[in-house]
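Two complexes are shown next, each including chain A; its partner changes from chain B in the first to chain C in the second.
Presenting the complex of A and B:
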């Protein structure tokens, strides 16, 4: 039976990677976009939680999960906009304000979200790709949320867009060399505010996935640091959207090791395995960030690398 | 005939009560190369910034192609076909040559069709007198190639009047000759007009048709290059005060003395983890200045940082008086190692601390400044600061000012006052006069020579060949992290140095005696 167990373990791991990794895709693409413009937004953690709360609340109130997703995105957009504008003021450090935004976002979500812990919101639909199979495990593993496909498409579009559209080139120029962007008549500050706001929108959508699909409820421990891990993930992905996608799935898989083992009947060390994403983050940071080196591929204007 | 003529009539600009530019009337003929000479602060940058619209001028008018135009923004200047190549590169290193060129064009469609863009760019390159591979990342280009890209960008944008701001400061002599020669040929073919800011007389005589000199915001003179001489130009630039500071006599180096500073097979990594300095060996005797010539980015920064303890070497050894030297504070104090690093505000000062505190950074923990081995005597620090400020003519002469508020020349003087004490044994100097005015340059050079004559071993890293030839006893050339040439300063030939700076004779010479 060992062979079958291994197969179902990997099936569960794959399903888990997609299920756990989907919010990572959105948050990391948002962070990637922000960092490509030369800013770093640590506040995505706070945005993620605010997004989860507002998405859940709107879905509860309207009965439509998609309006929840939209509301989450808008909440993220507003917080991203706040980050973008405040960091454009002279002598504001984007990292320090990012940390403030984590606290603000979580605090705001806890405060406004108190009354939504009890009611049940409508969940986001999944696509049943496993309908052909009569194996229950295969069917549950292959029921994949629509947002995952949107995330994949978004990664591809961003990858293409950063290279082949006017806005992509402008964004990269601003992130690489604000001075020459200035010289060409662009307004780096506006570009950065726009990029941070868009990044916030994506992170907000990632938050809605958390509360409206998996784990699929609103509570205060929902995000557990995923917004911060996304920062590590973007560094790991060397600021490339397609690699962000793979990295998000890798982080998702790390988070799914525990449940996948449980699915094949091994429940020993469940809580140990749930620490896997954090350990992976530490490893990524340890391997990629050395004090006496700059990172290859990092946008030149990033305060992280200067 | 595409080249544009340009005239300024009585232009001026004020910053507060300071007149940076005063009634300057300048005529640049179409299809000529016009050199603009002047000391730092003479108003050259103010003038050209006014012409390209970065800092609009307050008074006077500008005639472009014989007609008066108001240039209020860079966009206005670009619309007229006026462009500028800056001293510092304005191409984005993370993007490719093609992306940089396309971005420069300004009006882009929302979607870029790279196949057609490549085709068009290649067609453009084919028409140019010099070429670059458009797919390469700018970060992989050498300094000369980046400078060419800057110029290609101007041509790509159809500029007909191009301003070059010290275009050769980052190039080898060969690259400089090539780039300026190309510009001159383009100008004489009536493709464009060139206005070139420079410090170097040799470039003026070799490449310019006309020359104008600014001093303290005023136009001193404007003439054909063939009608003037370097002597006249330098008299124009410096005014009456052109008398050189008293030359310090040069004591011959005693070859019998053992080397004081020795570097043996040193490997130093750069920020990316690859080796910037590779198996580098050299030695400096007491009473000797050893100059290291090289284009910036060939390992000079990493070598200096390794010598000053800012960076770890991964192999090889540094010895002072035969003993291993690890650049700790204790070793520096014992061996009397001092330094004038480049960008002193970043590498040798703490911008937020006062001048007095910065002056005490080397020895606040010793001797008179430190009572009973633990209490820092602020009064003594201030008193000594006053003396040093007076001796080194630091302006303003207030020891309590944060050093970050001083001008570059005065920051360098403070560092000089701290580092060039009476008992220097080893000194590491890196581009000490970069961006300083004549008076500061003279002072710094003079003090370095005095220290040499008192028996200090000085390692001088500089990108300025004139400085190296004037000060050094021996000159080494660094290329790609290795020393590939050595000569005595007395027999040094510029073109020979230049050839090696560009990489001739690659492969390390083992110069360790």
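Presenting the complex of A and C:
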């Protein structure tokens, strides 16, 4: 009995890591890209919520969840573009504008999303990888959304692209030392606007995952800070896309541990387990940060480190 | 404006404030429509707690000589004090319904002391004579009767004899619901267990979905909940092919196959009572409670998976409850650690205030507060 419980606990943890972690993958990859270009977009939380709302709304109206995902991405792109352009104006602080964007995106989504709380939108399909198993639990744990695989592929592509392509080099140079990039004939402002807009697109898609797959409905309490946690996640992942992927899964698992433990009957101190993601963040910060050295791998142009 | 210094400003605002308190304006207020404020903790259309309130508020809106002001998404913090104050000062409300549990202590109490002429009818709090101001009061429904009936129906429907309950926080009302649900199910089959998962807050959709999946993985085949928006849980249950019992409002539309029945609020009854008392100037009813009998709560109609036997049994129990002949909490009842919490021979009627301080989970519940 105890062994069975342990097995199903780890299964639940794995399934939870994938289910809960997928939006983290998209948002953190988007933020990673933006920060690599030397800007911080704190507004991803607002973009995530706008993405969730517009994705759900369009899926409702057109009947196709994929058009919803696309719409969510486009909404994210627009907000990302806004952040990119406004922060290119002289003396605009990207962190302050990011906070403004959280409020703007959330307010806009709540306002426009009022009429979409009640209707049910078609959901994104899952791939049944567990069809071979007779166990309902395994089948459910292994029915994984396509967006997860897209996210994994994206992490690999970004990892390779940032390292080994001309575009990646340019992006990193702009983020590392804007003057050098300028001297080489690149236009840092345009690169940054592009990177922020792309980051916004990815965060929007992350939002669509929330509203169109898991938990799969639009309401105003949908995001519980995933967008903000993703920003911390990028720092934790040291601005490397592949590490972002692992970090996202780790945070997903941390979010799933509370319910999973209670379901197998370990219920003492469940509120501590609910705090697991935050404790994890603190631990990571404690282990990796030392007062006498700057963060490893931080882009040189980030206002965070400058 | 430059001539208005702080002293003049204070005088002026003082005058305006005083004039509001004059008997002249009070006399005029009699034929003025009563302004009623509703404060919700979440969105008004969440398929749950806030929707149940908003539906009743819409009925109040249609009453003659009543003006309704609503504000949603007000957190259970000092923010609700600001909202109440704004409603009083700007909209001149005479009666406020702060509908969320956490608003009461200390927020409603504090504001009620400052505005003795305004009535505060809080939903769910435990108003105590002598401790809390007289212009505040609490109303609530004995929805555990609905949860007991949910349990009875779930007890018949469950094949694994394992039920799942997703709860927000271990406060007395939630525990009472978990216990009533379990007692109802165990009245059908004494070997049934209810596994409870606390998510930590009233609205956390991702955690609720995760909790539902974990419970289903553990073999629970009927889920119910006490969170603000049961939508995600009922939908997840339907997706995974297990049954569910609703809460707050009817979620039948979300799960046409697996929805068994549900415990719903009918807030119209207490709202009407408070509005009428305020309009007539009758004294405030500080402690208003009611169950199925009084029309404070109701149940959803049965889903297709409810057997005839279950229907007959649940209907019989419901009839007894409406007749006031059935108490849920009758001793001997043990908690899930083996201590006797209600001694043999003791029966707590629904109206017994002791039940509103419940701090245990009964035998058969797997979980810990």
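Throughout what follows, the second predicted complex is superposed on the first by the 279 of 306 C-alpha atoms of A that agree within 3 Å, B and C clash if a C-alpha of one lies under 4 Å from a C-alpha of the other, contacts with A are read in each partner's own complex, and residues count from 1 in each chain.
Just so we're on the same page, contacts are C-beta pairs under 8 Å (C-beta built on N, C-alpha and C of every residue); 3 or more make two chains touch, one makes a residue touch a chain.
Note that the structure is a prediction, hence the values are computed from the model and not measured.
Peer 1: Return fit or clash for chain B versus chain C, each positioned on chain A through the superposition.
Peer 2: Fit: chain B and chain C sit side by side once superposed on chain A.
Peer 1: Going by the contact rule set out at the top, does A:260 touch chain B (first), chain C (second), both, or neither?
Peer 2: The answer is second: A:260 touches chain C but not chain B.
Peer 1: What is the value, to the nearest 10 degrees, of the angle subtended at the Cα centroid of chain A by the Cα centroids of chain B and chain C?
Peer 2: Nearest-10 rounding gives 130 degrees.
Peer 1: Quick check for you: in the superposed arrangement, does A:224 touch first (chain B), second (chain C), both or neither?
Peer 2: Touch status of A:224: second partner only.
Peer 1: In the superposed arrangement, does A:91 touch chain B (first), chain C (second), both or neither?
Peer 2: The answer is neither, since A:91 touches no partner chain.
Peer 1: Contacts for A:164 in the overlay, against chain B (first) and chain C (second): which applies, first, second, both or neither?
Peer 2: First partner only, chain B.
Peer 1: Residues of chain A touched by chain B versus by chain C: which partner has the larger set?
Peer 2: The larger set of chain A residues in touch belongs to C.
Peer 1: Taking the superposition as given, tell me the minimum C-alpha spacing from chain B to chain C, whole angstrom.
Peer 2: Superposed model gives a least chain B-chain C C-alpha distance of 25 Å.
Peer 1: Which residues of chain A touch chain C once you look at their complex with the stated criterion?
Peer 2: Going by the criterion above, the answer is residues 8, 11-12, 15-16, 19-20, 110, 114, 117-118, 120, 136-137, 140-141, 210, 214-217, 219-222, 224, 255-256, 258-260, 262-265, 267-268, 270-271, 274.
Peer 1: Touching residues of chain B toward chain A in the complex: what are they?
Peer 2: So the residues of chain B in touch with chain A come to 74-75, 86, 88, 90-95, 99, 102-104, 106, 108-114, 269, 271-273, 311-312.
Peer 1: Can you name the residues of chain A that touch chain B in the complex?
Peer 2: Touch list, chain A to chain B: 163-167, 169-170, 172-173, 175-177, 179-181, 183-185, 290, 292-294, 296-297, 299-300.
Peer 1: If we count contacts the way the header does, which residues on chain C are in touch with chain A in the complex?
Peer 2: Answer in residue numbers: 42-43, 45-47, 73, 195-200, 203-211, 213-218, 228-229, 231-232, 235-236, 240, 254, 366-368.
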